[in-house]
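Chain lettering (A, B, C and D) follows the sequence in which the chains are written, and residue indices restart at 1 in each chain.
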Amino acid sequence: MTETSFRRLRYAMVGGGRDAFIGAVHRKAIALDGQAELVAGALSSSPEKAKASGRDLFLADDRNHGDWRGLLDDELKRPAHERIDFVSIVTPNHMHFPVALAFVEAGFHVVCDKPLVHTRAQADALVDAVARMGTVFGVTYNYTGYPMVRQARDMVRSGVLGEIRKIVVEYNQGWLATRLEGEGNKQAAWRSDPAQSGAAGAIGDIGSHAENLVATVTGLEIESLCADLNSFVPGRPLDDDGSLLLRFKGGARGVLIASQINTGLENDLRLRISGAQGTLEWRQERPSELTHLPHDGPKRILTRGAPWLCESARRASRLPSGHPEGFIEAFANLYGGVIADIRAKLAGTAADPLAADYPRVEDGARGVRFIERTVASATSEAKWTAW
Amino acid sequence: MTETSFRRLRYAMVGGGRDAFIGAVHRKAIALDGQAELVAGALSSSPEKAKASGRDLFLADDRNHGDWRGLLDDELKRPAHERIDFVSIVTPNHMHFPVALAFVEAGFHVVCDKPLVHTRAQADALVDAVARMGTVFGVTYNYTGYPMVRQARDMVRSGVLGEIRKIVVEYNQGWLATRLEGEGNKQAAWRSDPAQSGAAGAIGDIGSHAENLVATVTGLEIESLCADLNSFVPGRPLDDDGSLLLRFKGGARGVLIASQINTGLENDLRLRISGAQGTLEWRQERPSELTHLPHDGPKRILTRGAPWLCESARRASRLPSGHPEGFIEAFANLYGGVIADIRAKLAGTAADPLAADYPRVEDGARGVRFIERTVASATSEAKWTAW
Amino acid sequence: MTETSFRRLRYAMVGGGRDAFIGAVHRKAIALDGQAELVAGALSSSPEKAKASGRDLFLADDRNHGDWRGLLDDELKRPAHERIDFVSIVTPNHMHFPVALAFVEAGFHVVCDKPLVHTRAQADALVDAVARMGTVFGVTYNYTGYPMVRQARDMVRSGVLGEIRKIVVEYNQGWLATRLEGEGNKQAAWRSDPAQSGAAGAIGDIGSHAENLVATVTGLEIESLCADLNSFVPGRPLDDDGSLLLRFKGGARGVLIASQINTGLENDLRLRISGAQGTLEWRQERPSELTHLPHDGPKRILTRGAPWLCESARRASRLPSGHPEGFIEAFANLYGGVIADIRAKLAGTAADPLAADYPRVEDGARGVRFIERTVASATSEAKWTAW
Amino acid sequence: MTETSFRRLRYAMVGGGRDAFIGAVHRKAIALDGQAELVAGALSSSPEKAKASGRDLFLADDRNHGDWRGLLDDELKRPAHERIDFVSIVTPNHMHFPVALAFVEAGFHVVCDKPLVHTRAQADALVDAVARMGTVFGVTYNYTGYPMVRQARDMVRSGVLGEIRKIVVEYNQGWLATRLEGEGNKQAAWRSDPAQSGAAGAIGDIGSHAENLVATVTGLEIESLCADLNSFVPGRPLDDDGSLLLRFKGGARGVLIASQINTGLENDLRLRISGAQGTLEWRQERPSELTHLPHDGPKRILTRGAPWLCESARRASRLPSGHPEGFIEAFANLYGGVIADIRAKLAGTAADPLAADYPRVEDGARGVRFIERTVASATSEAKWTAW
């Protein structure tokens, strides 16, 4: 083993400065396990805010940049023992593509928030670049980092439920039930601006998580879909609510609901998968429970931390059962996978698949296609829009 | 007041003999409040089973009939002080129409199980007959008898949620996940036989409850719908699973799911209604709780029996809060409404609307239309099928 | 088989008139299964109210009595084919003893509400009379009628939990948190009056249910106890709150809490039993669920109506799983047991123990002892008061 | 403001090496907010394990010590800009006293795990030293770091519940239901060894958390208590289960249960507080919910992250509602308080009370008294043992 396991990795962040939400989550998630440290950044599109944000985070002045190109240039000039091992991109959506592509082309490993990019062409370009450069590229579909999602994946894929028949996935929030974007809320503003958010609102922001959750747990591919997208809040140019009927290859059927106007609901991502032999239910707001309803026996509640879980779920857990883990731990599990993959590359070895368990650029590209197909269906008079 | 309030009403039952399920529920529901007693019956399509069933229920021999026409003929010959006040029809679906029509045409009040009849033409004929004869006609969409459904209705209609935007209603069961109809299960057999059940399986059997629940609580009318119906169990001629996108007049959107192949789920009817000001959630399996999520305050759990509920909910309750009431009480509330209406007719007075609160023949007719439109959509290539 | 199975049993009720609570529950519970009918009564200590109440219930005038002695005298004069098969006593506590003793001594079967009587001497006298007369005597510790309590009993007694170590039983209500008895509330008034209620308030009214629940499920006997009884509401002469430490023969330890000043709690009876191999949890407010936590596997939720429950639990159920049953059904299960026992006596056969499953006079007597020992401990300076 | 807010604080850890549990939790909690970094340690009582553990954590060799005295000596020799700002003590209980006293006497700020020390004399000595030296001293009663515990404290203390009457606190675990200490489990071994754990087992390990939770939320003082302590697992010298009746000054009454033999239960700390106007319920396993049951209105579920919470609860939250936070965040909140207090001392200013919100050495001392009084009561024949 090389020296790489005896040091923390170094990372930079693009976006995530003052007023941002998700950047701090990424940083806390990375800090949790002490395997990487923030050494550089371009933390805002506003140079002043970027610098001030970097000082908040104790960045050295010469690594605290006013824009991402400055960061990239500077890193390329630094010696290997100072240079970052990866960059974390947590900007609004429209910046994902140029930043990610530039860092990948420069040979850096990347973690990028979702949805990956705006268009399928961008997604394809990014997939190609990652393949060409051989870099690690993680997409933070963070909900798949929960241990009990991994347990669900293991149970579905090992056939515990039998043939999958019906999938219902919902992602309900209420925070955009009023026109927050008109009241100076930065989070609401960029999400409801097509130039920054892309062709979709709720479907892109949270529907893509729902799509990824289904794909991750079941491995099933969507064959066709039928979407109804709505914009309930007057003056909002993008959807704030959507419902889809789904048909999967192989015969399973599904429903996907994503809504940000469900007043009073907080972050209600939930999944129900029924197979011929049983059903699984999981809810993000009680992430440490997975309910298994066998067709021929009592309901079982599996909880995080139990010794009878699959190895993938057990590894994704830091505390004994009953000691609540949450959102940041799930995030940290994705970063743990990325870091394991980077360490393997640094060491010139193959990564342990159980360790390097995180959504890849291809998952991000599939999510972009999901958004595009959903928007196409929403404006079509045909019942089914092919994938 | 006439003498009618000083006596129990008399009723007959058609169907509901040995091996039946729902007939006993009707009888227990009626018995609960002691306002009516079973005096006659034609309890099965098999004359021998009908007679044996009547003896189980302590029917007098001369009022224990082998077929429903014999019952009707006999009742018409009896003097007023012996004659039944109403008949309860709890046969498989295909018998609802001839029996109900005959009793209505003969001037009897009727309670009939759902779905009302097989076709819109039959439904129209029945609505006409009831209007012409002026009889009381209740349809046992029993889930609307729960006190907290009535509370939800009151809150939605009085504007607590603001303008309604999104409705998600699900009715999930797992008991038909295997081919029970091939194993001698009578309940499964008639439900999956088009001749007895009609054009739909799960959508008719339980989807119609979901439709009625939405209509009752919100008063909204469906404008168009988009249905995907499936039959997962090999050899089953009717749907055992369905999902619909709904568009309501006035702009609300919805999803309706009805499935009988959700392994491990029991009787999971649930409703979520989001308006601009708040959301309501209700689940049949915890019927005494209604969750209200205001947009601007903490979640509230309203429970049956509390003094701050609306009068309609308070009247529908027999026990103090915390003393569980259930399915039979909800059923009994519908019968309570029918009986109040019959007593008013006997007394020649107008019924108290809060007392005579039950689904009418028109609700049954709307349910038939829902089934028909859903089946039409399921075979259409157009996205939206108009109501 | 004699003719007795071909007729409904006849019963009378003492107490339970207008303004009463529990009498109506008894009547509804009996009506539910149609195996017995109310034919006579002395429904209140006020003759006028008794008569008016009887008319509400459609009693014949000559069987509608102004006092219980009149009822008893009249029944003794009637021919066997008219005479009641049993009497149901639902008066305030202080009347249980004279009424029950008189009917037993006259050879009638009796169902009596709890707590049975005021003193151990009365309890002994009643136990003796029942033994001497050979009558059926049921005590309506209704919570043991729930199917999942019977399932818990079966699991504990068949060793699923291993050796029992710790028992925590709570019965929390909030309705007496203010001085309702000073505001004309009849239920509150007699419960807080020592002359009508006996030596204890909350401990007698609801603590006795908790004691019975533990005894029924576990079969364990209390060896000694340590009680702290309190009266929080000024001017209330009896306890409205109590907590006990319990030591059971054989080494198990326990805690019993009974309180009627737990503001906002409704009827929160709950039981947790831990053995060396697992734990069971049950809550009256969700009576159809029994949670089993094995030491070495995932939590299991057993639900009413499932085919894998014990026969005793299955028999105590009327509806499929997921169709909520409640308080009245549990009550009806006790009456079902009493009626099965009476039918067996009428037929001169031995009752099926699985059918004749109900709390006996001895259970009532043990409950009286529990109250007496608790009150003794509450005024003792010794830590442990022997049973 | 001094430069101190522009740098991370430096800390050392004593204990918490390989095989330990809670040390890693402390480190993750501190890392979460990026306000302090681990620069030195003596991570095990075994010098080799200590060194190996330090290397795992990327400690510099010259600050990676084989024993705590070496660490202390070294720190005292270092210049201010290298020296630690505080030490975190996460050893088994018996080492808390000597280590904490030595660091306090040397003028270092300290965070120490609970229970604080073995005896009241030790506790008094530590309280004196802290007062004399003016150092910051935090005790990681971590459950008080949950936002909804702070919300409960605010509601109770501001009178929302009215006069407090009844308190029920339970802390149930099942992991010590078998003799794990005989199977090489290090966590079980030291906890059941009186030399390392002190005079109590479960009551010290988890009962002390329950005591602290009640004291923190209510501010009430125990007047007298009555304890039953048990050791169910053969061969275990300390209690693994205990139940107490509590009497508080001012008239409130309570029950405290702490058990580690509740098979199947995970980390079930729960609190219920009833006052004259309402009840609060909180469960550690669902830490982001606080249930408020007003006497005169529907149940309310308050959730972490809502804008209507008190400022103390709002400040203790890092993510929007619905994004689960857990155990580590609660821990981090205590460290946040300690760090705020240290920063204020470094700056020579008074700490913001809302920021410097953490359990102090006096809370630890009161916990030691609680254990001592409980053990005294358990062996007493008197009902009540005075505080």
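What we mean here is this: a contact is a pair of C-beta atoms (placed from the backbone, for glycine too) under 8 Å apart; a residue touches a chain by one contact, two chains touch by 3 or more.
Predicted model, so just to flag it, every value in this text is computed and none were measured.
Interface repeat of B-D: among A-B, B-C or A-C, the matching pair is A-C, sharing over half of the residue-numbered contact pairs. For the pairs A-C and A-D, the count of C-beta pairs in contact is higher at A-D. In this assembly, the chain whose C-alpha centre lies farthest from subunit D is B.
One simple way to say how far apart two chains are is to compare their mean CA positions; for subunit A and subunit D this gives 34 Å.
Subunit C and subunit D have Cα centroids separated by 44 Å. Mean C-alpha position of subunit A lies 56 Å from that of subunit C. For subunit B, the set of residues that touch two or more other chains comprises 265, 292, 299, 303. If you draw each protein chain as a dot and join the dots that touch, every dot ends up joined to every other dot.
If you check the complex, the residues on subunit A that touch subunit C are 292, 297-303, 306, 308. Those residues of subunit C that touch subunit B in the complex are listed here as 6-8, 21, 24-25, 27-28, 31-34, 55, 57-58, 173, 175, 265-268, 284-287, 303, 305, 318-329.
If you check the complex, the residues on subunit A that touch subunit B are 161, 165-166, 168, 170, 174, 177-178, 226, 228, 230, 232, 241, 243, 245, 247, 253-255, 257, 259, 261-265, 272, 274-279, 292-295, 299, 380-384.
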